[in-house]
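One chain, chain A, appears in both complexes that follow, with chain B as partner in the first and chain C in the second.
Let's turn to the complex of A and B:
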């Protein structure tokens, strides 16, 4: 187990480095940049600006300084376009927002998705089953950028129940629509997956044995069927949580929550490569570490995988 | 009274069996029959065909082009810009006084084109790389899987931004970025299938015949994993349409005056507070119809092709 963890970690670290180097070169080599404007700066001023941001040195030196600053002081450097803010400050202001509603969205996904899937499997071909299938189709055809305007139209413009955007320190009214808008399609995914694996488990021999022993249905479901049935859902939730945080770009822009996605798009518009690079690294580290944790969790829970290690 | 049908003698039985042998169906013919038995899938194919025809020939029915501004109504769009047959704006006008019908036609064209071209190309590329990784294994496989992990960890919007900084913005470039972002589609599943298949007897036999790796992969293994690729394509095409719409919504996708469903929905959503709902409703409706059809087509293909579901 320890061996396996170390091996996975040993793979994750070079991956991050490869990404940093790849993204760094890609962005520095892209033509144009934050300092190109319609009226070009005088060469002397330009040279000063480049020196100020350390961009007059050769690329590999810049890369080395960049990595060194991240490793020693967790410093992602200054933002190119927002003069008085560093990338660290931008991340620090946006990340908690995204994480907050991302967390609630994940809660929404699990709390609604798993019971729906389990019920659909237990009442196979019943109303609940059809409701769930309908929901899965619904969420596929209404991605968040169609769903969010419709929600705003209903809840804000027609009924005036919820604010149509903003954050306001994270009051619950401001979290509801971003969390639902972000989570719906994943909720349906979780429900569909849970339904499938639950059906498979319910038809397996050990459940038949449990039934033959005369265990009550409740015990069979809660103690025997649920745990193996939820394993695929667990694997699914890792990437989903990451997608939620990366996919939140749309939610941040649409609901102007001030989350990290907004900075990402602003950075993209103004070619603020230091912000983009910093965010890309954060996303990447997050993805890899969540996947790592989940894989370890999976190995710990599933005896088949655990014994194979 | 006995009919010849119910009491077959041995000769008739043999004849019937022989006839059945002649008309016995291949895997694909079998799948086709099963697909066309699925009513929702057939209806969806029909709907999608209608959409494609609309995208190709729709501009013949438009009285305005998609970039033309109707100056006579501009400025009173809220009151007079609503859909009407009389002034030739069947779907109304957008915020800048352009004909929504022509714009929806143009948007459908872009979205469908991008979806099918980029979606299918990326699945093909991903499948070829996946098949090679699965077949060769070892170092090559490790490199491909490493790339795959990194690729999934990078937020894809970066690719759109950086690629367009390098090569400019156009429809062709957009399609290329989407392929670049999605080359991992179908990779894992084909790799797994090929890994399972490469130790089977027919591959050994092909190798024994002295065929090279290329021929083994493409002539002997590929036909056996084609069904996976077909199913996967049917899932990736709507995803790509969605991705294109999302990036266009965010403003890093298609560029004005060209448009797509996502860009139109974005414009419609931004003017929704003024009560000009038709600007949101028409593109959203087309988008939803396309997604529903593609969903059911994908479902039908899965039912028709997946050997696990064979009944």
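Let's turn to the complex of A and C:
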């Protein structure tokens, strides 16, 4: 398994390089630049600004310098729009926020989604099954840009229970709505996936054998059925988890959390190349590493996969 | 040296009546125990460094943290800041400011003329590469342009400090409104020792040394910032608000929700919601005149052939019913515009251009007549063009209404096109349009900030209008003591030539809690200072 992990890591490096080069050139294809503004800068001022950020150099030199700075000093460059901040500082300020509510959102998804799916599967074709399935479908089609304003209307304006936004150092009151807003539709997805695979597992021969052996139902479900039934959920949760902890643009903007989702959109509008590129790299590294972790988890759960590695 | 002392007297008088530039709390006011003011900002600040800051919200914070030569009062007039008064030489090219001797930095050091010299040199320093170096160029400080271009050392800048309380500024050409420009953030003093000690990190809470009524105490990127009163500030005794907090709220509707929930005291009003909010909160919904205009610009260089004909341009301008746009589409207290310069501009009387005085029916009739004369319209050649605007709901509404008016009244087909902001700026700057949306906010409160756009050399003249007389008038306005006749003539030429169609003049729409008092509602630049505000008890 160590060999496998190393192979995967080795493959990740060219992937990241390809991404950096591709994103670097792609961003510069968009018309307008970080210093395009309603009041165009006089040529002499523009020349100074470009020189200051090394943007007077040919593109390949800029790319080379960028990669060099990352490799030697883990320096992702200065931000163009937040003049006295570096990309490192911006990400260091926003990422913990996104990570925190993304984590709690994932917890919410799993804690609510899995039991919902399991209950629906155990009470197959009963009232409970229909209720759970109905609830799941309802929350899946309910987009967060509808759900979030409704939550604010109820919890903030009508009942005054939760603040309408902000972060305030990550106090729990500020995490609840972003986490639920971000997670609801995934929770539904998890519930439906769990229900489906649970049904399949419950009908498989080894469960029949366990029942025939007279094992108590609780042991059958907890020890034998749940683990294999969670495999599809795990596959599903991998990319979703990356998405969650790198922030939803909508949730970050709507709840003003200060997370990095906001930087994606601000960076795109202001052509803050270095911020965008830094975020793209983070996203890429996270996706690659979480996929690796998931594959290893698979192997741990499923002996068939373990043998194939 | 021959000096004019009229201005000096004015400032000395106001300096003596100290209540003119601090929170003026009427007797018997029941002040709230918690003197905190919280307001919404749209996005993260560009910087808190006075010489670097670019955005309006950032400049508002910097105005609280630092104090320049002059502040503005509730009406937008200059009142003493660090400077008590100034004198101007006979050739109008040397300004000598007398600074107060009791101004202090937050670390207790005295604020000296040298701090201004350092800051102004810093602003033009190619090494700092401040985008706002252009403002210093606009101020016509001697050698400014050459220093920015890297041709001279920063020490050659025409600003000097003969002693700690005297600042002498040498201009390369007379600039009648120079003193109006020194309340701008770029001109605020800078603490050399703190900047040298911390480098770029000097703007962080704890590192920052500032000389304004407040000091920065908290800054969480994209979330919040807080500033608290500066005990070293020379007029601290008259400051009432203890703490000012900004909350970043990217979504305008969410800003309003949080205002309703009492989380913020001030927020902007989403487009189109002013009338209903005014009805619901008559004392808290504001629409204030603002120093900005909104116009359509013709591409005079490479636009359609028809745009070369002044009759076509005028027909389009006349057929536009501005009242429909302001009263029925935008509904935010905007003002229909027939001149380029807003009426709210200081020392500017709106000239009576001919079409402004006509009824809309007469304007429509005249428009049809002009278009027919030019050979277009129902009986002539069919006219069609593309109107380009930057993607936004309210620009779209204005575009749809205008194009419908032109179609119904003049039979003109207008295709609407929109582009993302920076793409739009690039397209417009390269004359890649036929007709485009334009808007301009004054950099200082004087008509030339608008009318300079219409001169041939202006880098902002995207329609490439060129008129020798306008150029000449605007050059003479720079050194004239009576500018109104000159500006009147420029506006007359613009009305005759119609290189742009003025549509409306902006208003500032905001919800401001009635607990917050002292807001300068008459300041058309909306330059407000927290030290002038106070919070009353419910």
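Heads up, the rule we're going with is that the second predicted complex is superposed on the first by the 303 of 309 C-alpha atoms of A that agree within 3 Å, B and C clash if a C-alpha of one lies under 4 Å from a C-alpha of the other, contacts with A are read in each partner's own complex, and residues count from 1 in each chain.
In this text, a residue touches a chain if its C-beta (ideal position, glycine included) is under 8 Å from a C-beta of that chain, and two chains touch if they have at least 3 such contacts.
Just so you know, these numbers come straight off a predicted model, no measurement behind them.
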Kindly classify A:234 by the partners it touches after superposition: chain B alone (first), chain C alone (second), both, or neither? neither
Applying the document's definition of touch, where does A:297 land relative to chain B and chain C: first, second, both, or neither? neither
Applying the touch criterion given at the start, work out whether A:59 contacts chain B, chain C, both or neither, answering first, second, both or neither. neither
Should A:279 be classified as contacting the first partner (chain B), the second (chain C), both, or neither? first
With both complexes superposed on chain A, which partner does A:49 reach: first (chain B), second (chain C), both or neither? second
Tell me the contact category for A:13 with respect to chain B and chain C: first, second, both or neither. neither
Could you say whether A:41 touches chain B, chain C, both of them, or neither, answering first, second, both or neither? second
Superposition-derived comparison: chain B or chain C, residues of chain A touched: C
Partner chain(s) touched by A:253 [first = chain B, second = chain C, both, neither]: both
Who does A:161 touch here: chain B (first), chain C (second), both, or neither? neither
Doubly contacted chain A residues - partners chain C and chain B: 30-32, 149, 152-153, 157, 253-254, 265, 269, 271
Hey, which residues of chain B end up touching chain A in the complex? 146, 149-150, 152-155, 157-158, 160-162, 165-166, 238, 242, 245-246, 249-252, 262, 265-266, 268-269, 272-273, 277, 280, 284, 287-288, 291-292, 295
Note: in the complex, chain A contacts chain B through residues 15, 18-19, 22-23, 26-27, 30-32, 137, 140-143, 145-146, 148-149, 152-153, 157, 239, 242, 246, 249-250, 253-254, 264-265, 268-269, 271, 276, 279-280, 283-284, 287-288
Sites on chain A touched by chain C in the complex: 30-33, 35-42, 44-45, 48-49, 51-53, 81-85, 89-90, 93-94, 97, 149, 152-153, 156-157, 160, 163-168, 252-259, 262-263, 265-266, 269, 271
Sort out for me which residues of chain C touch chain A in the complex. 43-49, 52-54, 126-129, 131, 133-134, 137, 145, 148-150, 200-201, 203, 220-224, 247-251, 253-254, 257-258, 260-261, 263, 420-423, 425-427, 429, 439-440, 459-460
